[in-house]
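The two complexes that follow have chain A in common; it is paired with chain B in the first and with chain C in the second.
Take a look at the complex of A and B:
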């Protein structure tokens, strides 16, 4: 093989693909890398969004350590994550399992569960705000049915407001998980399941020992997405409660937004944003770790 | 070069932060004309179709009078935030709209606005505007913007309900508390108020209560930090509002769980007797939403020995971009926006520019409620019984902390003392940063 031919092949194999990828990579670097660098830079400044930023060293981080609202928001994010890692996942898994066993009408049930997901966030949040309205929402129906004891100030009671908002998001979101599980179930090796049944295993045992282990890659993906999304949660809280009552539904993202937009502190808001990025980074590192341990992720 | 890199990075970060909530641009650009100079002007989208028509009429009238100037009117849901980002990058509209004097002054102190002091005599602005209004556009002795639309916060009430039940408008705190109890006894909510969709609206109620309890002089002392925000008097004012809320007088203790529209529904349906909101709400009572007569009253003095007052604010301020290539033309448009012809067009929709010669009697087709509001505010101005609304006068960080945390006090997560101690700290920070309102 001539040197020229070898060089041409080398070019084709190793450099040409990168050349094709270059525009996308440059765009990615600009769109993702730029704001990340900007956020890191701003977190060390006192920028008010108007005047030129001044470097303040670790002052913002010191403030963060003593910031009560940050801890409240962080705790709420963790609660939010706990809700989303359990309720919708269990609901979606059960429903997907049931739908997968149906011979006729599968498409209908799949569509019904997925419909809420195609509604826009604003529409869903406004809809649930109406449902939670203490003067005209679900409370009125409960009172009409003689179930007054169930009537609550759904987003006005600090003890349940976060769960009420999360439930609205969950209602909108869980159909997406159903679809992910159904896709995962389509990849299952049916012969293993059939073998287990022949061996006399009951439905629950088949599910626990055969189906669920095979769904592990889907579950891991879902958990990774849910954890990262939980730390970025913003829209439902912002539309329905804006973090209230008090700080009962304040999340890191809503707190950051308030600081940057209402309180003219995008410098400090960047510090809060950085912590959100750090949490997301830790999650990804964690999943990379379990992947290296041999999990099929 | 370093500065340019910094600015680009800042813009990208801001774009990231605001992208989730930003709206789309809606360019209503004027027709391109090669010979005409084009001036850009960005505002929030008009809140009613009538307002949009009026603004378009204003622009058309201006362009008729000034064929050499075309207006590129841009609307954006986050107009002020977007302007802020654009100005930081050395760009932005020629005519800069700010959502009040405080924002205008922030822009001015950053060097984004063109000083207009030399134009004061040229356009006779000293004679045209009320002194209190024009003074809000000054920063370090230079004028940077003109005042737009003054407003206040009042108590709207169901006139028919009051008449049927023989209820009188209260004249002091005791009467207000007694009225609230009487209304509650009839299974009606005394005051409708909702803030779940816009928690900053808590400042409307705080403005009303603080001015009514402190009086205009003490309010001014607090704003200028001559009196502390955690002074006993401010504590009493705050506690009075908290007590009313906890007594169920305000949306049956659900103001934090309902939106402002929900609160209006309570009022419109006769489930609530009164509604606290700004004078801008006249638009809501001019249509057919209510099947009863709506009136309004100024919150009475809630403490012995002070006169009642009407807190004043400016709904907007407008200046000229220091980087504009057409400053001269932009100033012509700015002046026109605030002259008597344009202002009379706005009066019909309940927007009052602070012009000395603006007389509502000269304007046709004005709704009676709009006339009443205009005349009421004017009479208080003439009597010099005007207070200070939060969004124009109060220290910004202190004000933010107040409205951001008052609900925590309502529901017992925070005490009045804790709230006001922190507000005082925020006010001191504002003072250090030169953000206190400069009273002349």
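Take a look at the complex of A and C:
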């Protein structure tokens, strides 16, 4: 084979994967890659969305540091995350454990708890607005049962509104965690558990010392997903409260959306978005680091 | 011998009630009359008013919205099936430099908040005339749902033995024919999962649809519902009926294909 022909073939061969990747990469660069660079650029500009953006250096960042709403939103995102890292994880873990131990009906429970996850958030968020509605929601039932003292202005009271909205999102979402836990449990080594039971360990001890440590890869994955999603949370707040009452349910994403779409401050909105991206980036790097250290999988 | 009742069913049934209780509520409210909802907002309806669905369908303009959502879903399915399968094959079966970097890039795209590219995209779209058009939203969805499906298909392609591909090469297939004649037919179940997931996501998505589609006639089902709830304020009977219409197609698909849905959604996230 001549050298020319050989090198032509080699060239063709190394081009082949890039041809296959081209449609995907073009799409992603157009919709995601390019605009992200745009966001980085815009975060250093003052722009109303109409005139040409003017470069203002770090002005947006110093505005961010003094922006009270930003801190409220950031604190709310952290509260949101704290809620999601505990309640749905514990609920899903309990349900997955129960499902894994029963003989019949496994598929039924897995399917039914998963249903809310596939439903459109516009509908489920509205549905929970109805449940929280003071005149036609859960309060009317509480009053009928003589439990008036439990009746709350669920999303109208700034002290509990964030929790109420997060709870609606949690209802939508926790069935997904059940399935992730069930998948993780399928890979457990049952013999260790049995050995522990034979040795006389109680149910709780077996769970704490044997089952839970083995589920660590699943837990790490779930925690990574939950942290990333908590910083991007948007749907339920946008539909149910628009950040109110006051700013008690404002999140970074809803704040950014308002700035960009309704307040015509795309430059500053980009700065807020960039900060969100930095949080997500730090989380990913952190978890990759943990994975490399061999702490899981 | 009588089987002992497993106590675990009691807490499980309570959690089940928590999961589907709100759904039962929306179905039962969708069948009430306006008066009955006022008197009895949480109980079951005494008589069934199926005409609520017809009313919600007509005043909500759902015929148009369903058409729009179907156009968007089918177009995205076609674009994603083609581009994701080609990319997934390259990442699963072809050795080349930077393949790990590409995987990392896809993972990054999957994890960053969508707000991070919303603003510039908004203005790029205004300048290109893609704003307020189904084509524009199809392009966005195809891109943002792409990485997940590439991972999904890739994990399937990896499991196809290399020997099979080699023997096809010996039989005289070129690389392209290997894809169309060997890999794709084998991957049909994985393609079905991709179709279902893309259908689900495009049907439910509203973050971008809400920002990029403003004309009533162009709205997808999810954004149409949002506009509907704005227009009909406190008529919860009609809002519930519209909600049932909005989730029904997905719910029906899920009832018949739940295993594929669940496995597709979870496996894609584990593999990524």
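Just so it is clear, the second predicted complex is superposed on the first by the 265 of 297 C-alpha atoms of A that agree within 3 Å, B and C clash if a C-alpha of one lies under 4 Å from a C-alpha of the other, contacts with A are read in each partner's own complex, and residues count from 1 in each chain.
By definition in this document, a contact is a pair of C-beta atoms (placed from the backbone, for glycine too) under 8 Å apart; a residue touches a chain by one contact, two chains touch by 3 or more.
Treat the numbers as computed from the prediction; the structure is a model and nothing was measured.
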{"item": "Superposition on chain A - do chain B and chain C clash or fit", "value": "clash"}
{"item": "Of chain C and chain B, partner touching more chain A residues", "value": "C"}
{"item": "Partner chain in contact with A:261 - chain B first, chain C second, else both or neither", "value": "both"}
{"item": "First (chain B), second (chain C), both or neither touched by A:110", "value": "second"}
{"item": "First, second, both or neither for A:27, with chain B first and chain C second", "value": "second"}
{"item": "Chain B versus chain C as contact partner of A:9, first or second or both or neither", "value": "neither"}
{"item": "Partner chain(s) touched by A:243 [first = chain B, second = chain C, both, neither]", "value": "first"}
{"item": "Partner chain(s) touched by A:86 [first = chain B, second = chain C, both, neither]", "value": "neither"}
{"item": "Which of chain B and chain C A:187 touches, first, second, both or neither", "value": "neither"}
{"item": "First, second, both or neither for A:35, with chain B first and chain C second", "value": "both"}
{"item": "Which of chain B and chain C A:154 touches, first, second, both or neither", "value": "first"}
{"item": "Clashing chain C stretch [against chain B; choices 204-212, 240-248 or 258-266]", "value": "204-212"}
{"item": "Touching both chain B and chain C, residues of chain A", "value": "34-35, 38-39, 42, 49, 133, 135-136, 234-235, 239, 256-257, 260-261, 266, 269-270, 273"}
{"item": "Chain A residues touching chain B - in the complex, by the definition given at the top", "value": "34-35, 37-39, 41-42, 47-53, 129, 132-136, 153-156, 158, 234-235, 238-248, 256-258, 260-264, 266, 269-270, 273"}
{"item": "Chain A contact footprint on chain B (complex, rising order)", "value": "3, 6, 8-10, 12-18, 20-21, 81, 84, 87-88, 106-107, 109-110, 112, 195-200, 252-254, 256-259, 262, 265-266, 271, 396-397, 400, 404-405, 407-408, 410-411, 413-414"}
{"item": "List of chain A residues in touch with chain C within their complex", "value": "14, 16-18, 20-21, 23-25, 27-28, 30-32, 34-36, 38-39, 42, 49, 91, 94-95, 98-99, 101-103, 105, 109-124, 126-128, 130-131, 133, 135-138, 140-141, 171, 175-176, 179-180, 183, 221, 225, 228, 231-232, 234-235, 239, 252-253, 256-257, 260-261, 266, 269-270, 272-274, 276-277, 280-281, 284"}
{"item": "Complex contact set, residues of chain C against chain A", "value": "6, 8-9, 11-12, 15-16, 18-20, 22-23, 25-26, 29, 37-38, 41-42, 79, 82-84, 86-87, 89-91, 94, 96, 99, 102, 105-109, 111-124, 139-140, 142-144, 146-147, 150, 175, 200, 203-204, 206-207, 211, 221-223, 225-226, 229, 236, 239-240, 243, 246-247, 250-251, 254, 258, 261-262, 265-266, 269-270"}
